[in-house]
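Below, chain A partners chain B and then partners chain C, in two separate complexes.
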Partner chain A sequence: MENKNLHNTENHKEHHISSYKDHFSTLLALLLLTVVTVVVSVFGADLRSLSVATALLIATVKVVVVAYYFMHLKYDMKLYTWLVVLVAVLFVAFTALTSIEYFNR
Partner chain B sequence: MEHASGFVLPNSGHNRDAEASKMGMWLFLFTELLLFGGLFIVYMVYRMINHEAFLLSSFELDVTMGTINTVVLLVSSMTIAMSITAIQKGNIKLSVNLLYATLAAAIIFMVIKYFEWSSKIHHGLFPGMDYYESLPKGEGLFFYLYFFMTGLHALHIIIGAVIIGVVIYRTKKGLVTSEKYTLTENAGLYWHLVDLIWIYLFPLFYLIH
Partner chain C sequence: MATVSTDLNYLQGKKGLFSWIFSVDHKRIGLLYLYALITFFLVGVTLGILMRLELLNPGKDLLEAQTYNQIFTLHGVIMIFLFIIPSIPAVFGNFFLPIMLGTDDVSFPRLNLLSWWIYIIGAIMALSTLIFGDGPADTGWTFYAPYSVKTGTNVTMSVLAAFVLGFSSILTGLNFIVTIHRLRTPGMTFLKMPLFAWALYATSWIQLLATPIIGITLMMIVAERFFGVGLFDPSIGGDPILYQHLFWIYSHPAVYIMALPAFGIISELLPTFARRTIFGYKAIAFSSLAIAFVGYFIWGHHMFTSGMSGTGRFIFSILTFLVAIPTAIKVFNWVATLYKGSIHVHTPLLYALAFIFQFMIGGFTGLLLGALATDIHLHDTYFVVGHFHYVMFGGTGFAFFGALHYWFPKIWGKMYNAKVANTAFTLLFIGFNTLYFPMLIAGLMGMPRRYYDYLPEFHLPNMISTFGSWILAVGLILMLGNLIYAYFKSKEKPGRNPWGGITLEWQTQSPPPVQNFDRMPELPKNGPYDFEHKPTIKE
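Right after this comes the complex of A and B.
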């Protein structure tokens, strides 16, 4: 019984409860980034190549914010973060290899 | 369930492991990411080959509708995240209401998608239609990828909505509690993934001019 209780308290410590306010702040940040990306794209159409890179960069920042706060990576075991990084690296590697192949045709 | 002897086999469903559950969900999400990842690579290659055609076609898409849908999904991501906070704090009613809000967002997203797709189909831009067939190859590829990728994403929205419906049902039945909310958490993870994919789809199809 003693052990079980100990285990429970440990479990409780691990579970961080994000506040409603934090979630709302995260949403505001995401909406702000959305406004930036739409403005850059719609009004910065002359800066073509810049706008492609910027749009993808902002999208990546948004994805990181969602994963870190909404998907709770910040408070979970670090293993999850490492796995996400691993998958991201794999994807970038596939993308890079494919691009190299097409650029050298 | 109740054994006369009180004997319970190990791994007979009586022991929960929230952490293992979550890990399983993440591993599934990785397969989803790589599924869409492959499609993004296809998009990238065709875009490199047909740069001008992709540019031209992207102007056909309605940026306003795309932006509204982005906001709808971001808000729904917040409501489902808040729903997890509510269930953790033991506020069942608020948790269910926030899940309903998320479900409503899913429906709004699909309604907007329906209007977008209908206007494209009305113009004959769906693969196989006469106008589509008359388009130059590059523009055809853009619309093919547009319908395929946003269609696959919309399918995920529908699946997500069904999952949220199941969570609402089980929470109302008292099967999800402040001690046992893995289902809400995993549904949240799935819903956030759907949001993540849209975060990339939106600029790639609507914004990159």
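Right after this comes the complex of A and C.
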């Protein structure tokens, strides 16, 4: 059968080629956020119980930057963005439900 | 109509063991899974019958308490991880999904073969616990901590086996998702896909997203056993309820990995044998996705009596009841499909009807377990064992057998003896209900699960249950014997379309050619169950 790829127009789409500027901007953002993480934890902004949450927040921003620019989510089909969002929603739900249960024991 | 010349069907191609175990043909891989699954299923059945024999009378009859603990654990591990999780997707999904979509294979055929090999390696690891180390695990298939961290039995190998098997599941799910997105035949939009494909699609997402969680959790058990990290063992600062959370975050969605493909099978059988379009196509299709989605958030109902907080119990109980809605949507639509249909009673339909009957019992008993007040009394009793087997065996098991009878003529190009098949079905139906219904009664009376002995007042339901297991065993032997006999001896050729179905697999030869179709399949005008405009299928 020859019908395998007849209908897959997606296969014929041009791939986006990122510019050096995009790559260096991503690198710069990641380095900057790493510095912020270190500054917050080592040089001790007095965040107390929020220190873990802050580190996680910065890490999340880094994940988004990597996925969006370096891994080309920005230039790909919107479906893939929704799939990543779905996984994030599930993860948040797992964590939230377990935490609600734990902190109310 | 374009014609593609094909001389050989997929069974007639290359011969010899290697041509099968290294084949990348989705049909051969489906059959490899089938033969392996049936073998493991029979091992699981044998262990189950041994347990029932021990429970025929109170006191020790046949097995030591420790042996009994190991046997019910191995029975669970084999039936869950080696049979029912892979069952319908691995066998019928592999064989029929590409054909139903009108394509020639799955998206990643080599990955598909790798999935089978990983499955076999995982299976060997699971069964090796019988021989090596200190015997099979005695924890139950749930490997609950802290006991699983402390017991001297071969827990490490068992959880490693489940870890390896998980990869097989993930890769199959990934393959099916890409196949459904990429390889549908021209003109087959998502809303013109057969409902079996929809069910596999929803299942695949669960396989892909939930299975890694159990993998990591089981590795934590290994880490705890070897290094005493303090994750789950309270004596070193761990939290055993955290283990239960992590285990059930996967294992409850896994219930839908087991059940959703069965829903897909029933959605294929009913329109074919009622000769009418399925009632509520979109409702059934989207309810599969809804079940898959809601199924992620209800794991806590397995832990109502484990020391979970009241707030947690309240939230999980409400969420649990939500999943009944999309499930009920399916059942109502199936029954409505039969209404005013032109019903042809053949063996596959009998299995489908038994599925609905038994799955309803499984579902309704599930409501009692989802309600906090009743669950306090029923948790960890035989009621749960009965409920679980009604859903899994009475539901998915019967759907698997129904699918086997439905697609047998297509897979092997031969027809079985219908009278013997119907007799086997009757024995299975009677045997199943005689085996498992008394468990519900024993559970209501308060009999706890997972003990090799019981008080005298539980004798009658246990005796009836054991008799049922014998009837069930005879039914199984008769069913498999009939199919094996047909495979070797049957001269009756079923032709392309013995049941009058209109999904694409009925348009090709029986057995299908290597490339799946000998002529371009013709899509029905208004979706896959359009019996009013069904394509003419010539031999």
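Here, the second predicted complex is superposed on the first by the 89 of 105 C-alpha atoms of A that agree within 3 Å, B and C clash if a C-alpha of one lies under 4 Å from a C-alpha of the other, contacts with A are read in each partner's own complex, and residues count from 1 in each chain.
To be clear about the criterion, contacts are C-beta pairs under 8 Å (C-beta built on N, C-alpha and C of every residue); 3 or more make two chains touch, one makes a residue touch a chain.
Since we're looking at a predicted model, the values are computed, not measured.
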Contacts of A:L30 with chain B and chain C, given as first, second, both or neither: first
Partner, of chain C and chain B, that touches more residues belonging to chain A: B
First, second, both or neither for A:V39, with chain B first and chain C second: neither
Partner chain(s) touched by A:Y102 [first = chain B, second = chain C, both, neither]: both
Contacts of A:V85 with chain B and chain C, given as first, second, both or neither: neither
First (chain B), second (chain C), both or neither touched by A:F94: both
Touched partner set for A:S18, first chain B, second chain C, both or neither: first
Those residues of chain A which chain B touches in one complex and chain C touches in the other: 87, 90, 94, 98, 102
Contacting residues of chain A [partner chain B, same complex]: 15, 17-20, 23-24, 26-27, 30-31, 34, 37-38, 41-42, 45, 48, 51-52, 55-56, 58-59, 62-63, 66-67, 69-72, 76-77, 80, 83-84, 87, 90-91, 94-95, 98-99, 102
Touching residues on chain C, where the partner in the complex is chain A: 4, 102-104, 182-186, 209, 213, 242, 245, 249, 296-297, 300, 307-312, 315-316, 515-517, 520
Chain C contact footprint on chain A (complex, rising order): 1, 3-4, 6-8, 10, 86-87, 90, 93-94, 97-98, 100-105
Contact set on chain B toward chain A in their complex: 19, 22-23, 26, 30, 33-34, 37, 40-41, 44-45, 48-49, 63, 67, 70-71, 74-75, 77-78, 81-82, 84-85, 88-89, 185, 188-189, 192, 195-196, 199-200, 202-204, 207-209
